[in-house]
Amino acid sequence: MSVVYTVYINGREYRVERSEEDTLLINGKPFDAERYVVNDGVMYRFNRKSYATYAVPTSDDEPQYHVTVNGKGMSVELEDEKTALMKSFQIGKATQLQSATVRSPMPGKITRIMVTEGELIEAGQGVIILEAMKMENEIKAPSAGIVKAIRVKEADAVEKNTVLIDIS
Amino acid sequence: MSVVYTVYINGREYRVERSEEDTLLINGKPFDAERYVVNDGVMYRFNRKSYATYAVPTSDDEPQYHVTVNGKGMSVELEDEKTALMKSFQIGKATQLQSATVRSPMPGKITRIMVTEGELIEAGQGVIILEAMKMENEIKAPSAGIVKAIRVKEADAVEKNTVLIDIS
Amino acid sequence: MSQSIRSILVANRGEIAVRIIRACKELGIRTVAVYSEADAASPHVRYADEAWLIGPAPSNQSYLRQDVIIDTARSANCDAIHPGYGFLSENAGFARAVEKAGLIFIGPPASAIETMGDKTSARKLMIARGVPVVPGTESAVTSPEEAEKTALEVGYPILLKAAAGGGGKGMRVVERPEDLRKALESAQNEARSAFGDDRVYIEKFVVKPRHIEIQVLADAQGSIVHLGERECSIQRRHQKVVEESPSAIVDAELRARMGQAAVDAARACSYVNAGTIEFLIDENRDFYFLEMNTRLQVEHPVTELVTGIDLVKMQILVAEQKPLPFTQDDIRLQGHAIECRLCAEDVRNNFLPDTGIVMACRPAQGFGVRDDSGILEGSEISIHYDPMFAKLVVWGMDRMDAIRKMRRALDEYVIHGIETTIPFCRFVMEHPKFIDGDFQIDFVQVHFRPEDLPEPTEDEEIAAALAAIEQHERWELSAAGKSNGGLQIGRCSPWALRNRGGGSR
Amino acid sequence: MSQSIRSILVANRGEIAVRIIRACKELGIRTVAVYSEADAASPHVRYADEAWLIGPAPSNQSYLRQDVIIDTARSANCDAIHPGYGFLSENAGFARAVEKAGLIFIGPPASAIETMGDKTSARKLMIARGVPVVPGTESAVTSPEEAEKTALEVGYPILLKAAAGGGGKGMRVVERPEDLRKALESAQNEARSAFGDDRVYIEKFVVKPRHIEIQVLADAQGSIVHLGERECSIQRRHQKVVEESPSAIVDAELRARMGQAAVDAARACSYVNAGTIEFLIDENRDFYFLEMNTRLQVEHPVTELVTGIDLVKMQILVAEQKPLPFTQDDIRLQGHAIECRLCAEDVRNNFLPDTGIVMACRPAQGFGVRDDSGILEGSEISIHYDPMFAKLVVWGMDRMDAIRKMRRALDEYVIHGIETTIPFCRFVMEHPKFIDGDFQIDFVQVHFRPEDLPEPTEDEEIAAALAAIEQHERWELSAAGKSNGGLQIGRCSPWALRNRGGGSR
């Protein structure tokens, strides 16, 4: 049985298919790559060029990864056939994108909350000041929307990835 | 139940005992060490000094290890209580030491055999020339004795650790 | 009168502690590291001859504990304490306590720290000795109202500046009167949290200046030399990020004049040991005394690479009351050096500090590349300390050779598990204005847009897709409780593979 | 007449291929690596812009395949080929074939390789130009009988020397007539296997000489400069192991005379590009031409560190028909540099080459330390190639500073999984005769006994005992099929630990 993934990177889509005989198809075309496990991840070579990669999962429940390729970092989202099928019955990707959360990028202390619940905000607008590593860091909204819930209060100590604000 | 090992290093003996409560005794005296797993092995710290260690097994059936400590390599042999008990009933350590083998320290090609079966040899005497890495390397007898069996012939290709000669 | 130092306690952590320990090892001096609980397996602890635990992770319970550090130095039979930079390095009280305990403080006399550490007295002294200074207030701000009044007198834009410490903490530029109160509050908060001292003062903000500093070395015999300049104008939030020596705009004549001013400044406060006089240079190449850093600087390696002089070894020599082994005439600058500070920060996300475990780390190597690092594979970058984990420094035959070498070294540097400022440094090395030497301290603000960072190529995205799928399938295999043979590959280091009988291919 | 090189095929492997690729990257030149099946994941392959597989592991089926390499250079659109050292670097036929294929050979003209590569013609030329040579035969030995006759004429001790190549392979010192036949056979065998050429000739063995060589650089315009000397007397089995620049016994006057002789030698064969003239120096500091190496040397970094000149970049510049950017007067030696060749050899067991997978590797870092390495963690050291895996090179303010720095760097170098010559290098750096600069090429033979290597302390043995027990218990747990939680620790790298939810402590 062949395995098919749809891969989302930087707004582009790649269809990666692996047949039972381990032949690889990318966007429908046969693709030939060497693969080496090296001390710092997996190295692929194709078209005579080497790609040193390192992948770390970034979500507990979604197949999302942060991958570094030759020093460039990118976010990668996978969708296998099963997920794709489920999506077609349920709420799709498009809907999901309209709600967002602001998470703390690092552990620290909340020093100021700059928005209130119900407020309409712009993408990139500063919403929270987090003090960490002795610097005040302004956390910005990842997308425009309405502040649905503020989950923290000033002086709270938060862990990395704590949800701070829900935007809808 | 406590665990006891006798450890042989460079001709010296250390008795290492670990109680059920994980208290460590070395040669009968309580011993306090911190332990850190680091990228390149295990680091211990005692008396405020750090010891970076790395241990590799050197035998398939005996508890023998090559350990590097702060860059110095040494051979370490372990004996637990069970082994010690068995030894007291069977052929002991002393007897074992009287027979020896010459093994190839690396893969290569046998270019000359310098001894014959039945010959009396000295410790350190050259017995075989092994060509490897484009150099001729003289392999020496680890101990004195009589050449019991020559297991290879000239022009043989050998792997690392192949038994070349038995000495009795 | 000279006395040999046999044993040094290094009262610091990270790359600078490692740097100092290396110099000591080369001099045959025994080293004693101190460490917080968070640093028990850190490189500085492992490299030192001995290591003493001094407290929990927060600095004020460990690296800032003067009493514990001095007691440790005595218990460990040290002759001297090297404070590095940051922490207790510019604390006159500490320097005095060290001397009182019968130990040598490897740094300037407490009186010099005091004089130059207080911005007000430093300014007064410089004015008295004819060293030009930037216009501004002579004492710390006492109230928001007073600040507003003073700022109007000096004239906007103004700079709010913490009386203690440096490194951009507690600093704010204020362009309009209506922003002053908010900025003052924020600067005071930051200063209080970083230095335990919330005094802030006001000075004229010189528009578009370059920040250029002069390294000096002074011995106990009264000889003072300068080692040329460091160009430190590439800054972000008043924090230096790229430094070089020599500066593209300093010629021999200007170097001699600035050097003389720096030597005068050092002599004015009876300075001994290594120190740095920071200047602002305006568009007319007129320079103004900014402040003196009475310690080793983060960016000292660029000076070492162009002069061949080991500043830490000289600090120790001078602390032994020995005379400097050279005069001003012996000092020549050869070639060109550049330093990039590598920080755990997310460049695309407003340089937010990142934390985590360093999964893989292989610094750049080769001719003319120096990596002063404070981490190892497996080290944790935590919230407790500065996000700078290493300094990548290169030497080239000339400025362009050094720039090209830095690009190569940045490309070669492998680090996984944390976001770093490497892409940002790469951006600077490619920028035409940087290449032309045509920049001021607002370079980053004016020229850097995260969107300009290079996007991955299609082939790089395909490699990323393959890597993510591979990681995903390993993960699923593991979750399904299947053979963990698959799980291991790629997440285990080679020794695990070897033990399982296979090679890495 | 000059032409820019845009793309270079590096016809080599290991550290020197990496070295060349780094220089190319700094010049903005595209690099194409070639590799054997054994090197598919090697650093030189990973660092290059492109990598082409050229054959199986044995050199004569890959790195020595002239036809395949030239075809690859053309297919990959290269302008030039850099041969590195060893392999095809001193093969005049290859240099000619490269030129014939319309590519640039980054090295001297084929005619110069030929003249200097043939020991006989080189000797004749040197004698004609007044460069002093060691007494010996003018042609290769044709029979054991002839060899015996010739050896008696020259006078024992004599040196048997392969006509092709260098690096100690195919060389034997013979002290007594009765040892000659056996030594000749062995030298011929080794020469045949290493170079495919079993011609061996005889020369007088100068007793207790020093081996000192001069680096030259010549451009196509006829300018030839020398870059001072390298002291290469620390050798084992005629293989250099430690090199330095300058030499402890060469003063400015002798340097000038040897430098002139070297420039004369290069001019005699119309040399262009980088080359080295090797001399023997006897007790009276009289020097004799030994041979010319018509290529980049292994030990070139020590010259780079004291002159600041990048030799690989100069090779490329000269190959582009551009003139050297400096004259003899511009070249100054600053400070002191030492190189240690790090090999996978068991120092305590007669330097037997070791093979295996490099389990952990963390080279030394910091001011004045350069590591030119050809391996990474996980690399396999195989029987197919030279056991040298890296060159550790240091720069110090003076010779003693460099020695101390080398000690520190050797102590800091972490490598597990293979035996290395690091303990031997450490021994050299501690030896009073080395420190005094009082040694000849028999230094190792006379002074080194494996028994003199430092023994572990009791505490180090205790640490070893703990490490062995820990490894043993993990092993037993695993064999017993128990939870592999224990199994993982210490054999997995940190990312595995992180994924399991824990830190490294």
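Assorted remarks:
We call the chains A, B, C and D, going by the order they appear; numbering starts again at 1 in every chain.
Keep in mind that, in the parts below, contacts are C-beta pairs under 8 Å (C-beta built on N, C-alpha and C of every residue); 3 or more make two chains touch, one makes a residue touch a chain.
This is a predicted model, so every value here is computed, not measured.
More contacting C-beta pairs link the chains of A-C than the other of the two pairs A-D and A-C. Most remote from chain C, judged by the distance between CA-atom centroids, is B.
Rounded to a whole number, the gap between the C-alpha centres of chain B and chain C is 48 angstrom.
Between the CA-based centres of chain B and chain D the separation comes to 32 Å, rounded to the whole angstrom.
Counting partner chains per residue, chain C shows two or more touched chains at residues 40-41, 359-360, 362, 376-378, 411, 416-417, 493-495, 499, 504-505. Multi-chain contact residues of chain B (touching two or more other chains) are listed as 36, 38-40, 49, 52, 56-57. Only residues 40-41, 45-46, 48-52, 76, 376-378, 493, 495 of chain D touch chain A when the two sit together in their complex. Chain contact summary for the complex, chain C toward chain A: residues 169, 186, 189-190, 193-194, 237, 346, 349-350, 352-356, 359-360, 362, 383, 385-387, 411, 413-414, 416-417, 419, 422-423, 454-456, 459-472, 475, 489-490, 493-494, 497, 504-505. On the side of chain B, the complex with chain D involves touching residues 5, 7, 9-10, 12, 14, 16, 26, 31, 33, 35-42, 44, 46-47, 49, 51-57, 63, 65, 67-74, 76, 78, 105-108, 111, 131-140, 160.
The touching residues of chain D, counted against chain C in their complex, run 18-19, 22-23, 25-28, 40-41, 47, 301, 304-305, 308-310, 334-335, 357-360, 362-363, 365-373, 376-378, 380, 397, 401, 404-405, 407-408, 411-412, 416-417, 484, 488, 491-496, 498-499, 503-505. Contact residues of chain A toward chain D in the complex are 34, 36-40, 43, 45, 48-50, 52, 56.
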